[in-house]
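Please see the structure below; I have some questions.
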Amino acid sequence: MTMKRVALTGNEAMALAMRQAKPDVFIGYPITPASDILSAIAKYVANGEMEAEFMTPESEHSVASALFGASSAGARSFTCTASQGLALMHEVLHIISGARLPIVISSSSRSLSSPINVHGDHADFMDMRDASFIQIFSENSQDSYDNFLQGVKIAESVRLPAIISSDGFITSHNLEPVEVLKDDEAYDFVGEFKPAYSILDIQNPITINPLSLPDSFMEIKKSQSDAMAFAKKEIIKTAKEYQKLSGREYGFFRPYKLKDAEIAIVVMGSTAETAQSVIDELRKKDVKAGILALRVFRPFPYLKIAEALKNCKAICIMDRSDGFSGHGGPLFVETSAALYDLKNKPKIISRIYGLGGREINEEMIKSVFEDIKKLSENKKVERYGYVGLKI
Amino acid sequence: MDLHKLAKIEPKFVSGHRLCSGCGAGIVVNQAMLAAGLENIVVINATGCLEVTTTIYPQTAWNVPWIHCALENAASTAAGVETAYKALKKKGRLPGQKGDLSLSATPRDDPGGVKFIVFAGDGGTYDIGLQALSGMLERGHNVLYICYNNEAYMNTGYQRSGATPLHAETTTRPWGRDTHGNPTRRKNLTKIVEAHKVPFVAQAATAFHLDFMQKVKLGLATEGPAFIDVLSTCRLGWGHPSNMAYELSRLAVETCYWPIYEIRNGRFRLNYRPKNPKPLEDFLRYQKRFEHLLLPENKDDLEELKREVSQEWEELIKREDCDRVCLRASKTNHHA
Amino acid sequence: MKKNKYFAGIIKDPGSTLKYKTYVWRDGLKPSWIKKNCTNCLTCFINCPDQAIKVDKDGNMAGHNLDYCKGCGICAQVCPAKPKAIVMKKE
């Protein structure tokens, strides 16, 4: 297997992966910063490089509804969206996952209004955490390419929809070197879509999304919950298969100098890479610091996270969206639940950073580690705060 | 349209559903499914009375593939199914197609092809569903959209919709000390759909079943979007005796309250023009939702509704008469 | 992963509402077909919301399916025959 190395932005990488996965139907609506994917796909279709029906409905809500219809007909269906568009789809996202349709959304995470902001943060990604989607976050363009291909395979085997996202503008529009597979290699990896059912099967008529009364609703939801639990195995299985093909290793998260770390941050997205140089500097000063860069947010790998962090004295969970729970960002809330059963729980604090595309640089990450160090020494530190504010 | 022949075909929609006794929607669906004859039909249903009463898990009254998404997106869901149908047919991947690419022809040439019918109420069409409908029409999807119009959001408790007539009683615009029922006139959705320049638009009523069924057949044969707004009585929402569905549907047309017409490729045709239109009171008197209008103190409100009905009707007959004159004129010019 | 019967809440049993006999909804009245007055026009058939009008193998009127008839009375109201071929009677 010979890997080709090309310069691609995060969006271009996902568009390429999409083309190689050979969808039957692509339905999209433009929104910053995901619109590039839409125009890239339009070009592929226009030039005959992608054999798919390309549809642009009049709103994201209709995009999601059309995806629901198309996938229920047995078509491999993709879209791209972010922020307000993803939020507008919200009602239908639940309908899609309840009907167990493996639609894959490529996203470039952007903040949610108001006020309106077109830059990257994780608000839209976190906003849909109850929608029963497989949620995978990429750190860079290489991840974007690899995660999309794996995402299609995972979604179709588990029969749950998936969203593959990255930091809006920061990753989506950043040109980086990406190793790509050949078209046939990529498609063979993903395989042919074998739908669980089809509305177009005239000989065997089915009724999709009926009225379920209290006597049946819970059982249907339990079977959905079981699928999400099963997804954990499939994610690792798919990663191992992909590693054979690409040589790159994937898991639930990417640990960086975490094995013997006493203090650590849990972070998702491009910031993990920025933090690596901070870790290297701290290590030179004999500070045992590390990073847990989360890749899979749903299903939340609570056991593996607890295992990886159990020897830490203090942790800061960094969130690129607030969630406004009043006591910490969404990742903080999830991670603290994961750590709850540990005998010697690490001390934890929540830091909100990079909202609306606000910069998160090494200085700011260093200050976070100063707080964690203080926390590990039992000094008083703010439990839930913002990093990088001007005020 | 031989009813005896059609009655022998295996029904696409069966008994045992939980629609109210005497429900107009049941008549709409029966007539439409019968008119579909031997076609392969896939039904896309918006949330509403029809959807909840016919698909209570684990039972379904549908003998055809049926899908429901939400209230406002039946049109876009149908667009997605139709798009996937096109995509899979091209690749030979339809269930049972087994790679046979000879079926890739246009719908008209494909006798074994699948036709898509949307059933949505006036709620899911006039108001919340208008965006999705407009998009589907504008993009030209091959879908027959049947709006079963009972002039309010009946399933959730008779709230007014854009299709509710002036001064009708609904639970959100009731008659009260300070109010006179619904304050707005009906939205003319058929005109809005016509403005999308689709190949087939029609208004129908189940009392004129041959006309409605012919329209369904035509809609299914149309290449591109087809739209039928069919009046559907609602005994609980309108407040009428259980056996009056046919009679009220007929009176709606005879009083010119609900004209039945069609526009086929831009050509307008008024399907029924009563020589002596009946007075509107004949239609109103059997319905509790209009009982206030028949009281002498609300004479002005009744006149207002009558004016709205006659305005719409006058426009239609003027259009028909005008078309006739123009046609005659163009023929005479030809001779000259 | 094994698929269980609750998978996605899909109903795989077309026409299964036939198991639910809606005659229990009738409220004291049921239709009665007077064959000798019947012209076999099928107006009752085309106006029944519940398809409770039976047709025989040639598509001709064959009475009511009293398992599903909800007793609405539309068939009796629409019957164009003089005298009527369908009347509503006490159960």
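So that you can tell them apart, the chains are marked A, B and C in the order they are listed, and the count of residues begins at 1 in each.
Basically, contacts are C-beta pairs under 8 Å (C-beta built on N, C-alpha and C of every residue); 3 or more make two chains touch, one makes a residue touch a chain.
Computed from a predicted model, the values in this text were never measured in an experiment.
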**A-B or A-C, whichever has more C-beta pairs in contact** = A-B
**Closest chain to global C-alpha mean, per-chain Cα centroids** = B
**Prompt:** Measuring from the mean C-alpha position of chain B to the mean C-alpha position of chain C, what distance in angstrom results?
**Reply:** 23
**Prompt:** What is the distance, in whole Å, between the centres of chain A and chain B, each centre taken as the mean of its C-alpha atoms?
**Reply:** 43
**Asked** Where the centres are mean C-alpha positions, what is the separation of chain A from chain C, in Å?
**Response** 53
**Request:** Hunt down the residues of chain B that sit against at least two other chains at once, touch-wise.
**Result:** 55-58, 60, 62-64
**Prompt:** What parts of chain C, by residue number, touch at least two of the other chains?
**Reply:** 9, 11, 14
**Item:** Residue list for chain A, restricted to those that touch at least two other chains
**Value:** 204-210, 212, 216, 220
**Complete:** In the complex, chain A touches chain B at residues 24-25, 27, 51-53, 55, 57-59, 61-63, 65-75, 77, 91-92, 95, 198-213, 216, 220
**Footprint of chain C on chain B - complex, ascending** = 3-8, 11, 13-19, 21-27, 30-31, 34, 54-64, 206, 209, 241-247
**Message:** Quick check: in the complex, which residue numbers of chain C touch chain B?
**Reply:** 9, 11, 13-22, 25-26, 40, 42, 45-52, 55, 57-60, 65, 67-68, 70-74, 76-78
**Request:** Spell out the part of chain A that touches chain C in their complex, as residue ranges.
**Result:** 98-100, 157-159, 196-197, 204-210, 212, 216, 219-220, 222-224, 226-227, 230
**Item:** chain C residues touching chain A - in the complex, by the definition given at the top
**Value:** 1, 3-4, 6-12, 14
